[in-house]
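Shared between the two complexes below is chain A, which has chain B as its partner in the first and chain C in the second.
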Partner chain A sequence: MIMEDKSITMQPALEIHDLTVAFDRKPVLWDIDLTLPQGKLVGIIGPNGAGKSTLIKAVMGLLPLSSGYVKLFDQPIDEVRKRISYVPQRESVDWDFPASVLDIVMMGRYGKLGLFKSPRKADRDVAFDCLKKVGMESFANRQISQLSGGQQQRTFLARALAQQADIYFMDEPFAGVDAATEKAIINLLRTMTEARKTVVVVHHDLQSVPQYFDWVIMLNTRLVAVGPTESTFNQHNLQETYGGKLTLLADVADLIRRESYPSREGSNR
Partner chain B sequence: MKFKVESCETFKIVPRKSYFVPSNMNSLVEFFSFTDPNIRFVVIGSVLLTASSAIVGSFTFLNKKSLVGDAIAHAVLPGICLGFILSGTKNPIYLIGGAFITGWISLVFVEFITSRTRIKEDTAIGLTLSVFFGIGILLLTVIQKSGNAAQTGLDSFLFGKAAALVGRDLYTFATVAVVLLISVFLLFKEFSLLAFDKDYAKAIGLPVKRIELVLTSLIVLAVVIGIQAVGVVLMAAILITPAAAARFWTDKIKVMFMLASVFGAFSGLTGAYISYVAPSMPTGPWIVIVISVIAFVSFFLAPRRGVISRLMRQYTIRKTINDENVLKALYQLGEENKNFFIQRYPDEIIRRRKFEKENLMKVLKRLKGQGYVERTGNLWGLTEEGKSRGQRVVKIHRLWELYLTTHLHIAPDHVHEDADTIEHLLTPELEAELEKILDYPSVDPHKSEIPYK
Partner chain C sequence: MNDLYIIITASLVATTCALLGCFLILRKMAMVGDAISHAVLPGIVIAFLVSGSRDSVTMLLGAGLIGVLTTFLIEFFHKKARLQTDASIGVTFTWLFAVGVVLISLFAGKVDLDQDCVLYGEIAYVPLDVIITDAGSNIGPRAIYIMGTIFIVIVAFIVLFFKELFLTTFDPAYASAIGISTALWHYLLMGAVSATTVASFESVGAILVVALLIAPAATAYLITDNFKWMLIIASIVGILASVTGYYLAVWVDGSIAGAIAALSGVLFILALMFSPTHGLLFKKLKASHSTAENSITQPFSVDPADSR
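Presenting the complex of A and B:
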């Protein structure tokens, strides 16, 4: 590999420090600390209710943090929004919206376009190109209400690609996708990481973890482990992640909500 | 409800321009020739008001916030009254200002209640709406009893009065309407993204809070000027109904907005006309009736999304299923006899598969018309075409049963009913794929032979 500007390439893609997130006062993520290098395909795994989506949303600044901070490329997120891309869960929107597939993918260009400006031909070309990458070019003019689950997922993926970002956060991009498409998507993500993009994916299927991901984040309301897959994704950590809730921790979280306590002294949330 | 009747009676409605009430035909010609400048004012005014309300309202519709428009509409009444009390005149600037402020306060109330208590949004809207409207009516009564001569006509804000739109007032309202349209035009892509996927808008760094602030202000403004035409009570209808009607006709957002504005404008025009021929008539109810008729017609007649079109589709499907079931029964009888072209009595078909006799005769006649069966007296049999269509249904049925048992591991005695539905539904492409996946098997799980051509 070419040793170009070392300070840039060695910057961590993501740094999370002492992150706690609460819903309705109840903490759902406790004191997360982690650092991800650039250019890796990273899986976030953990049981239901472990806070996988919450972690992504907190990083994207979509949820208020009870404590801690998040930095991307050594900067607060609002400074580097244009370098960050997001694929929300498919079910988070109403697909009976009057729009075509291309309309949705074009939304990926809005951040770069800025307010008041209409998309140009160049934007349309990028959007179309991204549709091609996910194999949806023949659906460009299809109404989104007529898409299957897997096609909806690929539309969202194309929208994220259209942002031409450096780091991608994807919330369950494989939900409702057939095996062949999943393979195609993983190959696409691989080529992205080869181009030094960082891709962080919430994932459910443990079987495919070693095959898909360079790094894993193992989560169960607290961080169990983070690191390269071959050294981190082991029996001990799996046991710790999936071996059931820490009952005491869950009870304390419930207590905080019941008693309307702030989850941090001096905080309102 | 009682106050409405009272207020209509107590307030003396004096139109600014005293139109005589002419015979209908003359008035129609006179009105639509637009020679009278006052008529021009009223028409331009009410069309602008209703069209801009419809466009802004389309976003409340897409945001699924239809009730919010209703809350604002009721909450502007105290603002109008306060504007009048404080300024002592009906200058629209003061009235709009007052209305804008209380309209906004009501939204802050709704937001505050939903975020700080366990009360849900619908309840919060209901509470806010009635409190503000109550205060508004109270103030209106106070003004009315005060004997201030300038107050006449304030009550037209309750039910709307397009004919009151003349001269200087019109310029104010028209300016606001044009500002609304330009703002929507400039922020169209942001507003639609927010309506579709707010989290994503935040994620890509759009100033979501500020855009929402602008949109809310536009809605409040649209309400504030719209009530001139339709009145406080019915304002929500002119915000939401055009969008709801337009949605039936199209899946394209821009077309939807254009249709909504045309529907809105048309109802506004009708309102202006009514206001002209019958000056003592409140305009609002008429506008709402017109736009509701448009919505009603859309609901039934729109292609694809309309109720009638859906019923027609279901009817066609049922017909296909009936047809194919009869062809299938004839084919299966043919299998038993190893001769597909034997003609039979209807009762024989019924013995093979339960049909109502009357229905069966209808289907047979229809199939004969299409060339799938032939008849000799009361004997019915397949034609070559009928045989191949029946055969296809039987083939898909058996292939699907096999697919369910081999690929989904469902017990052979569970698969029949699933296959009964699938056999009518499968497209030729899926049929070919199914054949390929199963590698052209010769028998189904019940050892019946799978017929190929």
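Presenting the complex of A and C:
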């Protein structure tokens, strides 16, 4: 019995086997094989066109797989939809849509409600609670077209939180967000992983990787490396991932060695 | 009494179309509504040939299927043949519409349909086509019963599945991620648009039904920032256009359907001018107000940046 309990808690959050995704026969992801443990804050990094967003979309079944399969918590995706949450790229929706911030956050409750049921007060309370967590409670009735980029991002985050899922996929949640909001979001993600939630984030800024993520997936169509950040995020793997494209590489490696991270204002992004 | 019958029919058509139109324009699919309204023509003719009558469920189903086929073809051409969306809409509906025109002319003798009626409708004939019960009493025009049923079905559809329709309209990727099928709701909605178009075509015709699908919804979009209110306002605009359109047509002795569509356009322009949130006049007032403020403060300004 004890063994069994252990095996459940040690269940991987995500397993990807031989995953290939192609658009028009051109592979965007090639033969990806990886396993992520639960309760980690995981960054997906790689150059533009490396297939970072494609990877999370494929995992969630939003794109057809050319080959391979994906398991979440040891089950096929459709069995565990209620445990999965997604923060799409901010630009993927029309922010002129006639809806309020609360309307959007309430969408996070729809999956749990199922057909024919309308949201109840308990759902509204959860939504408000999540707005509070992202510091947006005073914007609940604000029209979404009036939000700034950072506020839009936090609204999406609150919607994902309202799902009370176990694994979260986030597509560039820091894009167009100011430094203070980014800090607040990362702290929030930390408290989530402390509660054994798994958070997978598509990320662009290499400088902040060691500071933010427990684990890192380094991707360039193929999987270059996956593992704990301190052992995986090294110069060799960065070279492999970005090739010669990144002149900043040496600097980054330098930073990792010194293990001191300058403030973001000082970085030449 | 005839006036009332016509106004009720027109209002039922207008509100049903307006409700669905709200979803269409927010999904950026206004032209798909246009396409469906034309493409159902062969469905109508074929269903008519098969069932031999005009008021059958077969006709609604036949046209509904063709409507869904239209959206499927549009997506197929767009995704598989990599045609632009507008080009694939253009190819699909004109082709299906043309097939319908050929079918009508081919079976002109057998089919009690004529092209003018299909294109422009004739709502003035609504009071003539009444249902007589077995007992021999007149219980009112057939069109009101058909449109009334469609109206109730569509309202029930929107109320019962509001969550799903709202979410798949706003953020389809997120909807699929949490297990709400975007394809299912897309095709159900398109089926609803098709059925509505078919039920409406006799009264307002294939061309004008597009005006009722889009104009009231676009008007409501300019007036409110709340989706539920958008649905309500669009319906009110539809009714308003029907009533005023009818009396306009009586006054100028012109086409009723044409007058209704024309007035829904007029209401749109009024909203464009005077809407409190998006209206041009209001924006202009706001702009002139702020420049007026600037002109007051400017003489006292010592900010060197102002001289630039």
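Structural remarks
Keep in mind that, in the parts below, the second predicted complex is superposed on the first by the 239 of 269 C-alpha atoms of A that agree within 3 Å, B and C clash if a C-alpha of one lies under 4 Å from a C-alpha of the other, contacts with A are read in each partner's own complex, and residues count from 1 in each chain.
Just so we're on the same page, contacts are C-beta pairs under 8 Å (C-beta built on N, C-alpha and C of every residue); 3 or more make two chains touch, one makes a residue touch a chain.
From a predicted model like this one, the values you see are computed outputs, not experimental measurements.
For the composite obtained by superposing both complexes on chain A, the positions of chain B and chain C are in clash.
Contacts of A:Q207 after superposition on the shared chain: neither chain B nor chain C is touched.
By the touch criterion stated above, A:L62 is placed in contact with chain B and with chain C alike. Contacts of A:Q163 after superposition on the shared chain: both chain B and chain C are touched. When both complexes are overlaid on chain A, the residue A:S92 reaches chain B and chain C alike. Across the options 21-29, 237-245 or 435-443, chain B meets chain C in a clash only at 237-245, per the superposition defined above.
In the superposition on chain A, the residues of chain A touched by chain B in one structure and by chain C in the other are 57, 60-62, 78, 81-82, 84-86, 88, 92-94, 97-100, 103-104, 107, 110-111, 113, 115-116, 118-119, 143, 145, 159, 163.
Those residues of chain A that touch chain B in the shared complex are 57, 60-62, 78, 81-82, 84-86, 88, 92-94, 97-100, 103-104, 107-108, 110-111, 113, 115-116, 118-119, 143, 145, 159, 163.
Looking at the complex, you find that chain C touches chain A at residues 26, 28, 160-164, 166-167, 169-171, 173-174, 176-180, 221, 224-227, 229-230. Touching chain A in their complex are the following residues of chain B: 62, 64, 186-187, 189-190, 192-193, 195-197, 199-207, 247, 250-253, 256.
Across the complex, chain C is touched by residues 57, 60-62, 78, 81-82, 84-86, 88, 92-94, 97-100, 103-104, 107, 110-111, 113, 115-116, 118-119, 143, 145, 159, 163, 169 of chain A.
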